[in-house]
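One chain, chain A, appears in both complexes that follow, with chain B as partner in the first and chain C in the second.
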Partner chain A sequence: MATVGRALLIIALCVALYGVVASIYGARLGRPAWVASGRRAVYVVAALCTGAFAILELAFLRSDFSFATVASHSSTTTPTFYKAAAAWSSQEGSLMLWVWLLSMWSSLVLFLTRRRLRRVAPYATAVLLGFAAFFAALLVFLETPFGVLAAVPAEGNGLNPLLRHPSMMIHPPMLYSGYTLFAIPFAFAVGALITRQVGAADWIRSTRRFALGAWFFLGIGILLGARWSYAELGWGGYWAWDPVENASLLPWLTGTAFLHSIMIQEKRGMLKIWNVSLVLATGILSILGTFLVRSGILDSIHAFGASTLGVPFVILITIMIAGSIGLVVWRREALRSEHRLDSLLSREAIFLANNLVLVAMAFVVFWGTFWPLIAEALTGDRRALGPPWFDRYTVPLALVLVLLSGVGPVIAWRRATASNARRNFVVPLVATLGMGVLLAALGVAQRPLAFGMFLCGTFVLASVGQEFWRGVGVRRAMTGERPPAALFSLVTRNRRRYGGYLVHVGMAVLFVGVAASTAFNNARDVRLDVGQRVAVGNDVFTYVKPTSRISTTSDGRLEKISLGSVVTVSRDGRTLSTLRPERSYFPSRDATLGPLGRFFEGEATSEIGLKAGLRGDIWAAMTPDKQALRPQIEEGDRVFAAASGKLPDAVEARLLGQALRGIADRYVADPPPATFRLITSPLVTWIWLGAIIVFLGGLIAIWPGGRDAQRRTARARHAARVAKELGTPARGPQTVSATGSAPGADLG
Partner chain B sequence: MVPARKRRIRLVVALSAAVLLAVALVYTSVNSSSKAVSPSQLVTAQVGQSYQLTGKVLDGSVQTTPDGVDFRVRDRDGSTSVPVSYTGVVSDAFREDREVIVNVRKEGSGFVGEHDSLITKCPSKFTEDATKSQKS
Partner chain C sequence: MDILALLVIAATIVAAGAVLAGPLRARGVQAGDERGDRLAELQARKEAKYREIRDTEMDFKTGKLSEDDHRTLDRQLRAEAMEILRAIDDEG
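After this line comes the complex of A and B, so read on.
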């Protein structure tokens, strides 16, 4: 099967290269048959990649250890769900996932645009197939997932236990969906520049939903990674400014900026150079993200040379950067704005400010991530920047960003008037002022940055809430619907707009959670004996008793040993929660560690004790003192070594199980002190809650409208075109005149 | 004000802000960053001096202590290693042969790790495939 998989990849590479040539040839010479053939090549590449990916997945599910990647990253004891997901835990598997997702998304967009964008699409096809050819070539020549082992092992290494977490298994497909979806607006922007079809109607409207999809999936991937870090890594944080985290954040930031600025191009024909630059930069950063993680360059600038992937990626990124700059310069005349910014007090100006803040954040993150390499290249010394450096810049920028996300939805297009300001800003400002007084009375103002974020968050909630309130009021006045029905029809009839508003609400909630949990958390690392207690903030943690557990697989083999604890948390003498943190040890395959010793020297994972609530989280992780068990383990190893070969395998396995049970029981009966990390942190749940609201809003904005909605949109576009030709501001059917707001404070 | 002049002023303000941000980034990154060193570069380390140590955890060197963990960090591509005594909880990813970064201070003949500074690189990333050499 490995040979078939490899053959499918080779054919996919050839078809992709053919498709690039056919698309460009057809477009240059005006041959529709060649263009259609190029588009069909994308479908064929998708089918071939699907076949290759299915073969790889089957190999993992069947534990076919003749595949080198299966032997390295799976085992017969790996649960079935994780076997399927283990395919993308390897370098070659993740690249396979990349090209498969790219081919599927490319097929979808080209199918949907098969009767539109006839001049742009062939070049976009060529670009998308160029990416597919690049990744297929990596898989064929450098990092094949179909390498086979000369001697097939009876058992594989297994999936790294740290990755055995549901969110970590969904995280890579989400991230890669985001990266590959951002390739689509990139490709269409290139096509638009080549053919001079740079108007909003030409390429932005056709690919906007894909850009929004990319933003949506990448955001989910980033949040799942943060959640995994919080729940699985045993350190209690969710963001560490790790280069791998930063790599995924960069295209998300520029993509967010793009989703806002294209609205200005759609409404006013402005910011064309900015928009194509943003989307090209986002596409490049998506490739850069994959490059950073996979090339080894983050270890050292010198490690990059040793990596097999470094040079090809640098060549690709160089071509993308040089080509993008060249195209924008070449088409600068066609990219001139149709209008100028009328006033700094307008929605356009707020969107522009929002864009500048997002791009500044992206630049800060980019600089901080690459600084070690820059310093090493310039001075020979590798230097690094820690989280405080990132926080110094990103926290104030985030404050401004959240504030702008409250101003944007309620300020008028073109020029805000005094009456507009009075009508839309009084309620949010009064709400913010009230919250400020309340929080100051509670002493929150002692942490000025967190205090500022709470005020900005309040402003956003009030301004967006006001928009919903007015919109529902107008619907009720028009139709007589009940409030829930009016809210439902308001949102479903203006999905982009109200989906976008929900995203703003979610981001405000998320940032409030980040600010509170960062500024007001209490954490302690302590070593406790059974019965000892320690105060963390206002709470008292008591180590009540130790626990132990031996887990087996469905076929009775030992999977892991868990040593844990029961910890009670009380406040003012009242028990708040009982936590059960534990540490699980997975057996090592290194036989030299001894029959018993290898069960305690393999990978270890923390199962945290967590009491999550809207007001705050109580979090505990523990590390048992294995040294206290060392004498029993060594004694057992000596006994088993002496009996080696003298006992039937089944008897030896049974005795081994009994010995491990004995050691685990000994740990409970005579527990040594254990080290705990104990954290109380307010509003962490708001981060996940905010993320859910953000993605709910994103989903509403992405969701395709029905025929009525499409007709309304078509009428609105026609009205906008007519208004533009007449030189007056557009007032299409989406204008909610009764609310006093201008239309289209929407996302996507 | 003449629109063209207004636009020019806005451009100058925007460019000035961008230049200021760039200068601040460069200045603070030069001043805030700590020098990352490998174990072999710490042979001549000064007592009391702080460093950001990078390397791999030496096989067989990890010893759990009442307050944390003692281990040796070796060069990524060499055998020179230095002892580190770290107080606090380590991440689940920490173990022998893993790439780590830790802020240390020379004390006596060894190094003391700064609390909460130990970072273990994600094991799913940057790793060469161990079975590659066996591939046919």
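After this line comes the complex of A and C, so read on.
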């Protein structure tokens, strides 16, 4: 099967290269047959990549250790759920996932536009196939997932235990869906620039949903990564400005800016250079994100030379940057704005400000991420910029961003009059003021940045709430519907607008959660004996007793040994929660660590104790003192080493199990002090709730409204025809537009 | 390499070649339909303009635009929409 998989990738590479040539040849010489053949190349590449990916997945599910990547990233003891995900835990598997997703999305967009965009699409096809050829070439020549082992091991190394978390099953496909979906607007932007169609509405309409999908999936990926970090890494945080996190945030920020500013181009034909630059930058940052994670350059600039992927990625990114700049300069005449900004008091102006803030944030994140590499290249000394540096710049920018997301919805397109603006700001400002007084009375103002974020968040909730309220009022006045029905029809008839507003609410809730949990959390690292207690903020943590657990797989093999604790948390003498944090040790395959020692010296994970609630989280992680067990482990190792080869395997395995059980029991009977990280943190749950609201809003905005809209349009057209033939004006609900008026038959 | 694998690979190459060569072998593949492209572009512009009219209407109904501003803007946008409709009719 490995041979077939490798052959499929080689054929995919050849087909992709053929498709690039056929598409460009067909477009340049006006040969539609070649263009059609080029488009078919995308479908063929998708089919081939699907076949190759299926072979790889099958190898993981069957624990086929003749595949080198399966042997090094999975094992028979890996749960089936995680075997499927183990494919993309490896370098080659993740590249395979990348090219497969790219080929599927490319096929979808080219199928949907097969009868449109005839000038732009061939060049977009060439760009998308160029990406596919690049990644297929990496998989064929540098990082093959179909390498086979001469001697097939009986057992694999297993999946890194840290990755055994449900978030990690979904996180990489979400991130890669985001990255690969951003390649689509990038490719069509290149096509539009080459054919001077960049001002056209059709390519924007055709790719906008893909850009929104990219934003949606990338956002989910980022949030799942944050959740994994919070629940699995044992440090108690969800965002550390780690370069890998930053790499995914960069295209999300510029993509968010693009999704706002493209509306101005759609409506007014403005900001063409800005928009095309944003979409090109987002595409480049998506590739850069993949490069940062996959090249090893994040560990050290010197790892770049050792990485097989570094040079090809740098060449690709250089071509993308140089090509993008060249195209924008070449087509600068076609990119002139058709209109000017009517007023600084308009939604366009707010969108522009929002874009500047988002791009400024992206620049800060970019600089902070790359500074250690630049410093190391220049001075040989790696100087990382830590979270305080990022916070210094991103927190004020985030405050402005949240505020703008509340201002935008209450300002009209084109131009708002001062009197109307004043009227629309009354409720949000009064609500914000009220919240300010309340929070100041509670002493929150002592943390000015968090206080500011709470006020900005309140402003957003009030302004968007007002918009929903008024919108429902308009619908009810028009149709007499009950409030829930009016709300439903309001949202379904204006998905982009109200989906977007919901995203704003979600972001405000999320940022309030971030501000509260950052500014008001209490954390302590302590070493406790059983029975000892420690105060963290208003809560008292008590180390009640130690625990131990030996987990086995379904076929009876030892999976991990967990040493943990029972910790109670009380406030004012009342028990709030009982937590059970533990540290799990997965066996190493390194026999030199000793028959017993290897069970304590492999990978380790923290299973945190968490009591999550709307008001706050109580969080605990513990690290047992393994050193206290060292004498017993060493003594056991000596005994087993002496008996090695003298006992039947089954007997030795049984004795080994008894010895491990004995050590675990000893830990419980005579526990050494353990080290705890204890945190109480307010409103963390709001971060995840905010994220859910954001993605719900995104889903509403993405959801195709085709059938309803078509039905309404057809109804309106028929009504208009009847009215025309009767010589009377059209009346009734058939001709009512989405907002309730009747601006024209097709407007419904 | 076993025979089955070889057969699968050969069949895949033949199938891929047939799919790619299909349009090249077919007669009468239509030349790029410029008119269709122009119509699609005009339809996209029409949709965007209608969306703008609806947004302006919504802004007025929810109190973000004065009646005078709305009337002026609406008239201007409808005139632009009519231009697009006229262009669509010309293409038709």
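In this text, the second predicted complex is superposed on the first by the 702 of 748 C-alpha atoms of A that agree within 3 Å, B and C clash if a C-alpha of one lies under 4 Å from a C-alpha of the other, contacts with A are read in each partner's own complex, and residues count from 1 in each chain.
By definition in this document, contacts are C-beta pairs under 8 Å (C-beta built on N, C-alpha and C of every residue); 3 or more make two chains touch, one makes a residue touch a chain.
Here the structure is a predicted model, which is why all the values come from computation and not from measurement.
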| item | value |
| --- | --- |
| Which of chain B and chain C A:A604 touches, first, second, both or neither | first |
| Which superposed partner A:P388 touches (first chain B, second chain C, both, neither) | first |
| Chain B versus chain C as contact partner of A:V148, first or second or both or neither | first |
| Contacts of A:P166 with chain B and chain C, given as first, second, both or neither | neither |
| Which of chain B and chain C A:G465 touches, first, second, both or neither | neither |
| Contacts of A:P673 with chain B and chain C, given as first, second, both or neither | first |
| A:V474 touches, of chain B and chain C: first, second, both or neither? | second |
| Touched partner set for A:V15, first chain B, second chain C, both or neither | second |
| First (chain B), second (chain C), both or neither touched by A:G657 | neither |
| Contacting residues of chain A [partner chain C, same complex] | 1, 3-4, 7-8, 11, 15, 18-19, 22, 30, 32-37, 40-41, 43-44, 48, 51, 115-119, 200-202, 204-205, 266-267, 410-417, 419-421, 423-424, 467, 470-471, 474, 494, 496-497, 737-741, 743-744, 746-747 |
| Chain A residues touching chain B - in the complex, by the definition given at the top | 68-69, 71-72, 89-92, 147-151, 157, 160, 162-163, 232-235, 240, 242, 244, 293-294, 296, 298-300, 340-341, 356, 360, 363-364, 367-368, 371-372, 375, 381-386, 388-389, 392-393, 525, 527, 603-606, 621, 623, 625-627, 673, 675-677 |
| Of all residues in chain C, those that touch chain A in their complex | 1-2, 5, 8-9, 12-13, 16, 19-24, 26, 29-34, 36-37, 40-41, 43-48, 50-59, 61-66, 69, 73-74, 78, 81 |
| Chain B residues touching chain A - in the complex, by the definition given at the top | 3, 7, 10, 14, 21, 24-25, 28-29, 32-36, 52, 54, 63-64, 66-68, 76, 87-93, 95, 99, 101, 115, 119, 122-127, 129-132, 134-136 |
